[in-house]
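Next up, some structures in structure tokens.
Consider the two complexes below, in which chain A is the common component and chain B and chain C are the respective partners.
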Partner chain A sequence: MSLIEVENLSVTFRAKGREVRAVEGVSLTVAARESYGLVGESGSGKSTILRAICGMAPVTGGRIRIGGQVLPTPRGRAFSAQVQMVFQDPYASLHPRHTIDRTLSEPLAIHGVAGSDARVVQALTDVGLPPSFRFRYPHQLSGGQRQRVAIARALMLQPAILLLDEPTSALDASVQAEVLNLLDGLRRDRGLTFLMVSHDLAVIDHMCDRLLVMQHGRAVEELARDDLAAARMATPYARSLFAASADRMLEPAGGATE
Partner chain B sequence: MTALRQWLQDPSPASRRQARLGQMWLAWLRIRRNRLAMAGLVIVGTLLVVAALAPWIAPHDPLAQDLTRRLLPPLTPGNLLGTDDFGRDILSRIIYGARITLYIIGLVAVTAPVLGLLIGTVAGYFGGWVDATLMRLTDIFLAFPRLILALALVAVLGPGIGNAILAIALTAWPPYARVARAETLTVRNSDYIAAIRLQGASPARIIAGHVVPMCLPSVIIRVTLDMAGVILIAAGLGFLGLGVQPPLPEWGLMISSGRKYLFEQWWVATMPGLAIFVVSLGFNLLGDGLRDVLDPRSAAR
Partner chain C sequence: MTLLDVRNLRVTFQTETGPVQAVRGVSFSLGRERLGIVGESGSGKTITGRAVLRLIRPPGRVEADAMVFDGQDLLHATDREMRALRGKRIGMVMQDPKYSLNPVMTVGRQLTEGLRLRDGLGRADAGAKARAALEAVQIRDPDRVMDAYPHELSGGMGQRVMIAMMLIPEPDLLIADEPTSALDVTVQAEVLSILDALVRDRGMGLIFISHDLRLVARFCDRVLVMYKGRIVEEIAARDLMAARHPYTQGLLNCLPRIGGPRTPLPGLDRSGAWASGGAP
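Let's look at the complex of A and B:
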């Protein structure tokens, strides 16, 4: 059975009499422990799907089910323990006035989990940060280190599903590879399910088992990783997207970002 | 002492308590490096000491009248800053007045910004009809001249220092609510608020723990800038017979009673005026320094 089921989802933003249909009739399913990618240019509605799952976008049609259950609105605490998100910009996703310790221990405090001292240190170690970073502020960390903290925060409640909203696009190339490898390792160790958004096919190719190409809020084509590697696309749009990033993708089988 | 300093400056503290104390130590170092803030701190500290030790350092009883020695100029032997129209020693009255001033400032500074922060952040965070209702309420309070509104409130509540403070606090909160709402609007849609919401935090936790810290610096600046105004409004209420009652030595009341002699005996009104000026200046300087300290990003490394 699929862990995430999105069925015919539509999201429409309304502001001052204008309507923007960000997502129109998109369906996708993600199996447990699978890594699923959403690809498209900016404005194609891929991040909006993640936000809709989290209840942060106005859903106007369709259904979202996690583990067979229709999600309640507002999402509630059970959802928090099941689904977490890593945001695109690590400079904006950490509270500038809170230490790393506070950022990481707050989810535990909200859910009444005991033993936060040890868990915070463990979480830092798990994402490859020294425990001495614990009482620093975000401005004392580099972009890659901040994104590691954001990943650690998302994993504090031990969710089964991680939504990744372009987790590396704000980082430079070498750091990007480190963070992607970290995510890959965490997924393997913990059996996580990823739903990942990116505009970069090379990143998706490296990370995902299956992917959905999106354009103007609509699904264009769904591809498995093998189809991508063999360049078996049915639609011209997916082909052009592939051509744009093919040179970084095809060299060694398995991805060039390593 | 050096061991303590080392413990405080440890770059990788072992516990939350050590980290917090270390942060406070760093904040103290930062404020000490800022000369103007230190000047402000010295002035405010002096005010506190003077208020606490008033009975011991005042040369005369602030209420003792001596009509043979009325309106003496400053530097008269025995009356350093001169005497007022009842022959009371102005220096002693200023020293005792520090207590009343501190009492008023303290209570207003604790109540008005808290009320303003609460209303502003709640309005900004929830938006919609909550925002509309609270902001129209704020507009109504802002539309009245402050002194007139305070006057009306005191008239209802009855004269006296406690009611005067309450009236000042109730008229002082709207600007804080405005400032806090503006800050909240810039913070509300940021990723870190989305992240904590996604962690399942309640609105109360988000507002108190995540939104208020972002609004505090600008509110603190406003509070310190408003302190002079608070002293003067308290004086105005006293002048109209609705605040601090004579013969209590309140600085504003002293100014208004010296008004009659402003041209011939200038010191009667000038000395308490100078006291208000110095204290307001002290609060402003301190507030400016506090803003720097409250922002960990400004820490020089």
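Let's look at the complex of A and C:
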């Protein structure tokens, strides 16, 4: 049975008398311990699917099930213990006036989990940060360090599923590599399930087993990782996306690296 | 012809722990070409771009042996002369649309403000020109975007709005600070072709600041690689993928590749002599 099932999902925003259909009839399933990618241009609805799962977008049709259960609205504590999200911009997703300690211990306090002290230290160690960072503020950290804190925060309640919304696109190439390695290691060690959004096909290819190409709120094509690398896509849009990422292939024109 | 000449540029900021040199002796000259500046965050590439427009506020200090734009000395120009240059002759596309657009003005008003005040166009003419500029950056429904406030746009839309805004006055030099980093590959290609056309057809000079080496290699003519305020390597863009400098190589190697192995990505080794400021 699939851990995440999204069936015929539609999300419609209404603003100033206009309707914006951000997601229209998208279905996908993600198995436990799988890593699933969503790619597409901005406005294609890929982030909106993550937000809809979290109950942060107006779902107007379809069903979302986690572990076979239809999600309650509002989502509630059981949901946040199971599903957590890491946002794109670590500069905006951490509270600027809360210390790292407060950011990390808040979910524990809300859920009444004991031993917050030891858990915060452990969480920082797990994401490769020194425990001395506990009493710093976000502005005292670099972008990569902040994203590590955001990942630590998402893991505080030991969820089974991480929703990753462009987790590295605000980071430098070298820092991106570190954060991707960290995420990959955490997934392996803890058996996490990832649903990951990125506009970088190379990042998705590195991280995900399967991916869904989206355009204008609709699903265009689902691809396995091998199909992507071998350029076996059936639709013209997926092909054009792939062609535009030609410089992200293993051996770029003009010189291989290894 | 040299459009911009910068010799030994140094930018210093005062901090609690003493002065910090963000740019340490950068020299380059630019013709009517596409010059890329790449480096990680904190390498000084954005500050270099801002220093050219004298957008560094005191107590930040800009020093240089020379900084000349089209025969005009930028180091000693008055504030009035600088204002006349900014926007009209030297445009700058800022990095982050969230912080660079006015949050309480509609996009339409921001786009037409310059046209109406600077060029004295009427409301209808300015509106038509702004709409054309939005269409030129591949915005599908310019009317909706004109009426929208910046928070109602996605990051990619916001970035295109800023590019449109900078291209309206048709500057001679455009400093583009990560102009396409919030765009996805397909739109990115379109925006790059717009910039490319301006360099080719109008002879605009372009300083393209980016952390994306692959993009710069494909798009620019010449590339400066910066690390900690210094230029560590200057290289023709087509040779960038075969760069010899250990820092440039390290940056290239830590990128994931389609079809690449699932092993952990190599990190960047900063133990070489180049990292401490010595010669490579």
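Methods note: the second predicted complex is superposed on the first by the 251 of 258 C-alpha atoms of A that agree within 3 Å, B and C clash if a C-alpha of one lies under 4 Å from a C-alpha of the other, contacts with A are read in each partner's own complex, and residues count from 1 in each chain.
We adopt the following convention: a residue touches a chain if its C-beta (ideal position, glycine included) is under 8 Å from a C-beta of that chain, and two chains touch if they have at least 3 such contacts.
As the structure is a prediction and not an experimental result, all values here were calculated from the model.
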Practice task
Determine, for the superposed arrangement built on chain A, whether chain B and chain C clash or fit.
Solution key: fit
Exercise for the section: Determine, under the contact definition given at the top, whether A:19 touches first (chain B), second (chain C), both, or neither. Expected result: neither
Practice task
Based on the superposed arrangement, let me know which partner A:173 touches: chain B (first), chain C (second), both, or neither?
Solution key: second
Exercise for the section: May I ask you to decide whether A:244 touches chain B, chain C, both, or neither, giving the answer as first, second, both or neither? Expected result: second
Exercise for the section: Could you tell me if A:95 is touching chain B, chain C, both of them or neither one (first, second, both, neither)? Expected result: first
Problem - Partner chain in contact with A:132 - chain B first, chain C second, else both or neither - result: first
Completion exercise
Distance floor for C-alpha atoms, chain B against chain C, superposed on A, in Å, equals 5
Handout entry: On chain A, the residue positions that both chain B and chain C contact, one per complex
Key = none
Handout entry: Touching residues on chain C, where the partner in the complex is chain A
Key = 40-42, 144, 147, 152, 154-157, 181-189, 211-215, 217-218, 238-239, 241-242, 249-260, 262, 264-268
Exercise for the section: State the interface residues of chain A toward chain C in the complex, per the touch definition above. Expected result: 15-16, 18, 40-43, 142-143, 169, 172-178, 180-181, 184-185, 199-203, 205-207, 228-230, 240-241, 244-245, 247-250, 252-255, 257
Fill in the blank from the handout: Seen from chain A, its contact residues with chain B in the complex are 54, 56, 76-77, 79-81, 84-85, 87-89, 92-99, 101, 106-107, 110-111, 117, 131-132, 134-135, 137, 139-140, 150, 153, 156-157
Problem - For the chain B and chain A complex, residues of the former touching the latter - result: 11-13, 16, 19, 22, 190-192, 194-202, 205, 209-210, 213-214, 295-297, 301
